[in-house]
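The same chain A turns up in both complexes below, where it pairs with chain B and then with chain C.
Our next item is the complex of A and B:
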């Protein structure tokens, strides 16, 4: 049984005649890095939103650990799956960078004496130390993206989804992110990422799924490359 | 001297002249731009690159005249657009001098359909309806976004939003275009299409200033500007700069597709 499973899933946005996704049959296990690729508008973001129950399938079911996603609350899903949105602005609601990083794991009941250490670790890794007290919406685009990734990673989810995580990142930060994701995957977190960035996909992905007009047209299957 | 026109400014050549431009988002705060000077000619594509936070978008906001709308920042120095001092250009007339596509296109899309979004600019120029429709069709064809015509811009995918925002700006037909990472979310065919559109526009005399991180996406430009911590550290022929591997490596600008 795969960690996340799509059983003949089709999806159309409300009030839209056409299907954004059609007859998706896919399993995602909790190890390895999977890249989801495809042209603009092919349905990648829609697919990942179905994976976390933000969108609900029109037909078919999406199962998490064998149970239909419909049976979980969004909070329960959120404790298992971390999601980094394509547009980082949608994700922020705290008044400082440090609060934003700690919000998720503090809420999940992290031991108080480790909070500061964890904040510092992520500020350092993503080179956001100078912005510790800054209002997140006042950051540059690349800084926001790093913060969005940091605050999701800080919750240490067992499965991680990132929608176009490299847009807005400079070459140097792309490298740092690639290294970190490989490390996290090696430590046993499943990762799915949507990306147009061929070099990034080549470097990271053990499995590549390609969408075209809402259908899976290529799936290289599971395999291991790192760790 | 004509009011607002820079002495020594060559009508036929310089579309953008920046002199000693500095910017702070808060009075007394850190400088996001430090004493930047450069010029861009008509028909020239200048790409801007540099690590995140180095001031690229801030520079775009300044050139686009949109920086002092909602901020209490401090700008010093001089910006001339098409020979006119940007400080003296009325806000409403600014769109005729320069068009900006923002890094986050959500900030500039608000119409119910893509077609309305593109028509909005020409409508505000009070063009006759026939001319408006003509421009809308032109840019839709140019960017090959006919399939999105009826769609709601807010519901498009990230790359599609950038194409629509670009289309809306092109429909106004300003001589200077400022594009902040418009290619980063496009798929390969979208990148190729935008690149060929930009090349056509500059042959027609437009001046294009564009920010990109991906060195493959900057290669077709005439000149490359490299920024670091608010400073313009180098500006020169793109090919020459890209060939200077030591410089690019030292600036941490070489991507995953190349080894160090």
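Our next item is the complex of A and C:
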């Protein structure tokens, strides 16, 4: 049984006639890195939003650990799956960068004496140390992207979904991100990422799924690359 | 007739809102609500959309309802703890009026979505309202949904970071909302600012005269509806409750 499973899932946005996704049959396991590719508008973002229950399937079911996603609250899903939005502006709601990073683990009851240490770790890794007290929406695009990734990783989810995480990052930051993702995957976290960046996908992904007009047209299947 | 002039619809919204604010019994407000719904149906508006608009504000409405119920006691006591009456008939009536009023004003405002905002600005400008002012009204109307979407986004984002909003105790929840208030409002303002910059960089207000591609015309139907609405509203106000 896969960690996340799509059983004949179709989805159409309310008040839209056509299906954005059609007859999706996919399983995602908790190891390895899966890349989801496809042209603009092929349904990649929609697919990831169905994976975290922000959108609910029109037909078919999405199952998380064997139970239908409908049985989970968003909070319960959030504690298992971390989601980095395509547009980072949508996921910030705190007054400072440091608060944004610590929000997840503080609310999940992390021990007070380790809070500061964890914040510092993520600030350092993502080179956001100088922006500790800055309002998140005032950051530059690349910085916002890094903060979005940092604040989701800080909740230590057991599965991670990133929607076009490399947009706005320079080559050096892309490499850092790739290294980090490989490290996280190696430590036993499943990762799915949406990306157009062929080099990035080639470097990371063990499995590639390609969407076209809302259908899966290519799935290289599950396999291992990083031992 | 279903394509009345935007200005006519605006007059309707103003009349309905004024009545909603003046009326204060649930029965009157309910009648007003039914009337508004009929109007919306007439303009081919899908009523379930009202629910979608109101949903994020349900908690707020419930809160207002409870506050009105508890803090404006009058009439018979319905529920009491010891000597203190918690819910009174008067408070209950006031609370339901309050909630109905919000619903009526929201429903009436839905009339604005039955024409394009562009036409609305055009209409106001032809009535010699300065373009900037008309545009501000348009932006205000535009930003209500933005604010609502922002609220929905934040609530989703907070939960996806592992917080079960439904299970958090009241005190903690209030604290959370208090902390989120400033960043969310400021975020909406930032987005409004970006919009303003992108407009000015495209020449908004740079030239004293604007060119309008179309003209709107008021037809007999518009005059008849406007006069009827204004007359009915004034009559209802003068007649009193």
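Here is the rule we use: the second predicted complex is superposed on the first by the 227 of 227 C-alpha atoms of A that agree within 3 Å, B and C clash if a C-alpha of one lies under 4 Å from a C-alpha of the other, contacts with A are read in each partner's own complex, and residues count from 1 in each chain.
As a convention for this text, a contact is a pair of C-beta atoms (placed from the backbone, for glycine too) under 8 Å apart; a residue touches a chain by one contact, two chains touch by 3 or more.
As the structure is a prediction and not an experimental result, all values here were calculated from the model.
> If you stack the two complexes on chain A, which partner ends up touching A:119: first (chain B), second (chain C), both, or neither?
A:119 contacts neither chain B nor chain C.
> Which partner does A:194 reach: the first (chain B), the second (chain C), both, or neither?
A:194 contacts neither chain B nor chain C.
> Considering only touches as defined above, state whether A:41 meets chain B (first), chain C (second), both or neither.
first
> Per the contact definition in the header, classify A:169: touching chain B only (first), chain C only (second), both, or neither.
A:169: touches chain B, not chain C.
> Considering only the touch criterion stated at the top, classify A:146 as touching first (chain B), second (chain C), both, or neither.
A:146: touches chain B, not chain C.
> A:160 contacts which: chain B (first), chain C (second), both, neither?
Touch status of A:160: no partner.
> Is there a shared patch on chain A that both chain B and chain C touch, and which residues make it up?
After superposing on chain A, chain A residues 89 contact both chain B and chain C.
> Enumerate the contact residues on chain A facing chain C in the complex.
Touch residues, chain A against chain C: 52, 54, 73-79, 83, 85, 89-95, 103-104, 107-108, 135-137, 151-152, 155.
> Can you check the complex and tell me which residues of chain A touch chain B?
Chain A reaches chain B through residues 13, 38-41, 44-45, 86-87, 89, 138-143, 146, 164, 167-175, 178, 196-200, 203.
> State the interface residues of chain C toward chain A in the complex, per the touch definition above.
153-154, 156-167, 179-180, 182-184, 186-187, 190
> Once bound in the complex, which stretches of chain B touch chain A?
Residues 25, 50-53, 57, 103-104, 106, 155-160, 181, 184-190, 213-215, 252-257.
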